[in-house]
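Each of the next two complexes has chain A plus one other chain: chain B in the first, chain C in the second.
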Partner chain A sequence: MKHILFNELIGLFRNRLFMILLGVFSISLVLTTYFGIIHNNKQILSQNDAKEHIREQWDEMNHTNPHNAAHFGSYAFKPITILNSIDEGINGITGNVIRLEGHRQNDVMFSEASQSLLISNFGKLKPSLLLQFIIPLFLIFLAFNSYSSERESGRLKLLLIQGSSLNKIIFSKIIAIWSIGLTLLLITTFIQFIFTNSLFNIDILIRLILLFLSYSLYYLILISLTVFLSLLFKNSTSALSLTLVLWVMWVVFLPKIFGNTVEKINPLPTRVEFQNNMDNDRSKGIDGHNPSNERKDELIKSTLIQYGVNSLSDLPVNFRGILMQADEEYGNSVWDKHFGALYLQLTNQKNIYQFTGLINPFASLQSLSMATAGSDMFHHLNFLSQAEYYRRDLIELLNNKWRDGDWDENFYKSIKDFHYNSPSFLSFFWKYILDFVFLFLWSIILVVLLKYLTKKTSIV
Partner chain B sequence: MRVFNILFYEFNHFRRSSAKVLTYLIFVFACIYSIYSGFELQNQQQTTIETIKNEQKKEILLVSKFFQNMSVLPGPLDVLGYIPTYATKHPSPLLPLGIGQSEQYGYYKKITNWSSTYDNDMVEEIANPERLVNGNIDFSFLIIFLLPILLIIFTYNIRGFEQDMRFDKLIEIQYGSISKWILIRFIFYITLLLLTVLCFMFFVVIVNDAFFSHISEIKSLIFLLLIYVLFFTTIFYFIVLKSYGSSAIAFKMISVWLILCVIIPGTVHQFASIIYPTHYMTDYLDSNRKESYEIFDLPTDSLYVSLLSIYPDLSQTKHAKENNINNDYRRNALSAIINHMNKSAINNIEKQNELKNQLICSSYWFNPVSFIQNKWNNYINTDYYSYQEYRSEIQKILDTKLSLLNFESWNETEVTMVVYEDYLKQLNAFME
Partner chain C sequence: MIKLDKVDKSFDSYKALNKLSLNVNSGEIYGLLGANGAGKSTTLNLILGFLKPDSGFIKINDVNIINTDIIGYIPENVNLYPYLSGIENLDYFCKLSGFNYDNNELSSFLNECGLQEDAHNKLISNYSKGMRQKVGIAIAYSKKAKVYLLDEPASGLDPLSSNELSDLLKKLAANGSAILMASHDLFRVRETCNKIGILKNGNLIKEMDAKEITSEELEKVYLNFMKN
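And now, the complex of A and B:
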């Protein structure tokens, strides 16, 4: 098998067109990875400038009281992960700034997609675009006639007479073409490592390894499927046509059709409905039986009892700070109810979509590519939740200060900015288990089918 | 006669090729699905807008009833504060032919004294972001990206098959001009595709009764479609003419599709993002936060000066003759000044966006797919500029509202039912 594999590779390297294409793809990957990193760095710089600017404003703010500071608020900027340079995922279409202020939870704003005319339907020219769309096509074209050309030239018979089995010949061919795909993948990961290694940690390394593994499995699936079809059809043109149709279905059609279907099965509320429901709960009480005035009266009573006084004017603290925090906590429970349900619904949609990996391994690859790059929906929702929890802590701190009094410039300066703790991939691993399972399943099934077919195939 | 023969044989070949018929049926099914989704989106937007309008009508009716029972005429502040002001972007009747960038922006907005065109509610509808990344099977997507693939599947083995089977010389002997023979076979498929697409387009036009109201847009869309199909056909025709074997032809055709539809737009996208990275709109954040808070602390005389710089005619009003700004009017003055600041910050944002757009437009000569895509979206009112226009309309309504609030209160107008109706007219003028 080693000899066949070696000869296969030599055969490929002797082909001038192959060498030209390999060179073009290698250079393209080096350049796109490099420019992806440049773009990332530029975006990080721009974000850091904006963050510093916002912090300066906070430090220079003329605070009359902490409640005004709560209205003044802060901003949370969606961080840009290192591997965003490989796969931007949803980052181009989601907003990247949230205003964090008292009394209200805002939406993330200013998406890149809303800032200009439409350019590309398949995303920017990042390594993920090449690795998901272009390289697979190159591999299909390498694989589609690998069997039929040997058969038609009579070389296959010669190899079989020399003692090789069809099984070994086929798998050597698959491994040879797969190794080309792996080399291109290695180039991408190597360039990424070279230019960003100072920022690497264990988590990034794990992410990069899993990204490599996901693409490797996908390439194995695609090459095996192409060879399988060429074995099945004997005629290389039919095999190529069917593989191309399948590729178009996987990459272009099915993700859109399944994405839309999932949203139809599990429809999301419109913004008006969502906001009206939130407003209703905010004003009527979370269970509909607890109007805000009653809550206020109860709070006054309990506060008077807690401090052992008869009227609000006798309180040693500022009651408005207590009231604001109580209102904030009530608002938080409304947020938890509605946004909790929305996030759950989005998660359910994603889970249903992940099952489509059973018939479309590209869906699993896409999901894992975004996941390992930290640019998928789960990471986005995690950012939104962390921003909201920071907002709650910030407003609570300000309300408590308003309640207790004694604030000065140093108090405001001591308040830390929002810092996003990027979740480790392993903590999210179970969310993507289906994607991994489907990629493995596809690989195993195709290998088994190929083994079966090579036994059944007659060469004569 | 020979032309008809070739066309007839091609029809028979197509009819007997199950793979081609199946692909064609998939395309037709995708067209039906995309148009259905487009209608659904259109209906959803119209229903939401209707709901908003009904709510608005109810609120207006309620205030009108108050008028009937009032013995003392109210002031403008009491009335204007209770006029529910909305701006909506009605979907074009051609929306089922392409949803464009409509999922990136909001299409309705409640306008208050403190609104701006970059408010939180101006962002897109609630949607699954991963679904948005993959996009929709919308009609324009099918035309721009899948139609060329369908053309590839239909034409990659024209002559290639004969070459694979080694009887291409026979064709030459039978028909003489091979290039003409290829062209006629191409014409069959182009006609089939164009007729299919045009049928769907006219179906949408008829269902939405848009023929006369949108005739120029329809003509432009058909023209775009023809140019686009001809563009790809010409390239594929020469590939067939100059290549040998169906595999080589298929490889070259797919490569051209990838270069034109994926690589070039992706490269321009990446280049534009490096030159103009996503901006964080700090100017707007400033005017929305720090500068707004500074305005709140302004002493009355400075506030008056600032207000006069926006509304010079305010000095001619009754209240201007008094020495102090009435506390009730102060908040309106503040919102007018903040609106003025927001507008200048937003102008900067729009200018920055325009620079990026100019860069994108300058790439059209080598990036025809983006050109067709944006032109198509423009005719359907779903491109960036259509939403920019919507933002301008929101700004106009807001300016009118703030101007009314300040002038009417400073003039100490007594609001009768007639005046109230005039307010309504002015504030809702942009809604229909």
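And now, the complex of A and C:
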């Protein structure tokens, strides 16, 4: 087998066109990875500058009381992950800054896509774009006639008579072409490692390894499928046509079809509907029988009982602080109801979409590529949750201070900025098991089918 | 060494071979003549194990199972790897058979098969059909096979090279190999083979000893069978 493999590689490396294309793709990957890292670093620096600027404003702001400070608010910045330079996933669309303030929960803003002149279905030129769309095409073109060229030239009989087997020939060819895909993947991961290794920790390393593994499996699937079809049809043109049709289905049509179907199964409310429902609950009460005025009266009663006084003016604390915190907590429950349902819908959509990997391994690859880069929906929802819990703690702290009335400049300075604890990939691993399972399943099924077909294929 | 006994082979409704029986003994060169579609290639493919007979049996070296270790095969068109030189192609195919020859040994095989020394290191893409054919012969020869199966081996060879091929085959036969050669080339078959068989529509209609017939007589017999 090693002789066939070695011969295949010699054939590729002595082919001028192949070498030119390999060179072009290698250089493209080096450049896109490098520029992706530079762009990432710039974004990180910009975020750090913005954070410092906001902190300075916070520290210098002469807050008259904590309630004003709650209105002044703060910002939560979604950290740019190191591997965002390979696959920025949904980050370019969702944005990475959220304003945190009292009384209201805001949306994420400042998405790069909204500020870009270059709007494209394929997004920015990142290594993921090349690795998911361009390199697979290159591998298909290398693989589609690997069997038929041997058969049509008559070399196949000679190879078999010289003691080789069809099984060895087919798998040597697959491994040879796969090694080209792996080399291009290695170039990307190597460049990423060289320029960002000072920021690496065990989690980033695990993510990078799993990203490599995901793409490796996808390339194996694609090459095996191409060779499988070439064995099945024995005609290189038919095999190439069918492989390309399948590939276009995988990357263009099926994601759209399944995406739309999943949205139909688990529809999300429109922005207007969502806001109206939120406002409605805010004013009428969660269950529609608890209007805000009644809530206020009940709070006054319970506070007077708690402090053992007859009127608000006799309270030893500032009732407005208590009222604001109560209102905040009610607002939180409204948020939990609506955003909780929304997040659940988004999670359900994502979970259902993951099942499409059974038919479309490209869906599993995309999911894992974004997941390992920390730029998918699950990571985004995790950021939103952490930002919201920080906002609640911050506003509660400010309201309590307003209630107790003992704040000073040092109190404001002691308030810590939002810090996002990036989840480790292993803590999220269970969310992506399906994606891994489907990629492994596709690989195993194709290898088994190829083994079966090599036994059944007639040489003549 | 090669024994076919009442071998039948059909492709759908088309009967390619009809109770074909033939023997090629050690030291013998058997020339199988026939028009296109007579069943020559089917016969070779059956012996090579690429096809299975519907009935009858095939034995090589008295064994039913096809053992490619002892078979050398030369196709009509030897298409080798164009990005390898002649000697690299030979080396590659030898290694597949488990033979690891050094460059001198590989060169001597090519020389013995009539390929000029200065061509050994040139890329196959620069070879003529005849030169490729010689490398193909060297591949089979270097395997030190006991059985040789040749499908139009002289196709594309110039008269001198054809003559060299005949000499090489005679040498192999003299060393105890059994050779079955399918061909249209009456003259080459008559010059090279000990035994000649004529196939028509899957039937072996005539077998003769090459020594007992001249080229002209062979042509007459052949044409006579083909016309009737």
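Structural remarks
In this text, the second predicted complex is superposed on the first by the 456 of 460 C-alpha atoms of A that agree within 3 Å, B and C clash if a C-alpha of one lies under 4 Å from a C-alpha of the other, contacts with A are read in each partner's own complex, and residues count from 1 in each chain.
Rule of thumb we're sticking to: a residue touches a chain if its C-beta (ideal position, glycine included) is under 8 Å from a C-beta of that chain, and two chains touch if they have at least 3 such contacts.
Values in this document were obtained by computation on a predicted structure and should not be read as measured data.
Of the two partner chains, chain B is the only one that A:269 touches; chain C does not reach it. Contacts of A:3 after superposition on the shared chain: chain C is touched, whereas chain B is not. Using the contact criterion defined above for the overlaid structures, shared-chain residue A:100 touches neither chain B nor chain C, since it reaches no partner.
After overlaying the two complexes on the shared chain, residue contacts for A:158 are found with chain C alone; chain B is out of touch. Judged by the touch definition given at the top, the superposed model places A:11 against chain C, while chain B stays out of reach. Here chain B and chain C are compared by how many residues of chain A each touches, and B touches more.
Chain A uses no single residue to touch chain B in one structure and chain C in the other. Partner chain B is touched in their complex by these residues of chain A: 32, 35-36, 38-39, 42-43, 46-47, 49-50, 53-54, 57, 60-62, 68, 72-73, 75, 77, 89-90, 92-97, 99, 106-126, 129, 133-134, 137, 141, 144-145, 236-238, 240-242, 244-245, 248, 252-253, 255-257, 259-260, 262-263, 268-272, 274-275, 342, 346, 349-350, 353, 366-367, 370, 376-377, 380.
Interface of chain C with chain A (complex): residues 45, 48, 50-51, 68-69, 71-73, 75-81, 83-84, 92-93, 95-98, 136, 139, 143.
Within the complex formed with chain C, the residues of chain A that make contact are 3-4, 7, 10-11, 14-15, 153-155, 157-164, 458-460.
Listed in rising order, the residues of chain B touching chain A in the complex are 19, 23, 26, 30, 33, 37, 44, 48, 51-52, 100-101, 104-106, 108, 118, 120-121, 123-137, 141, 144-146, 149, 153, 156-157, 161, 164, 246-247, 250-251, 254, 258, 261-263, 265-270, 272-274, 276-282, 285-286, 288-290, 293, 297, 352-353, 356-357, 360-361, 370, 373-374, 377, 383-385, 387.
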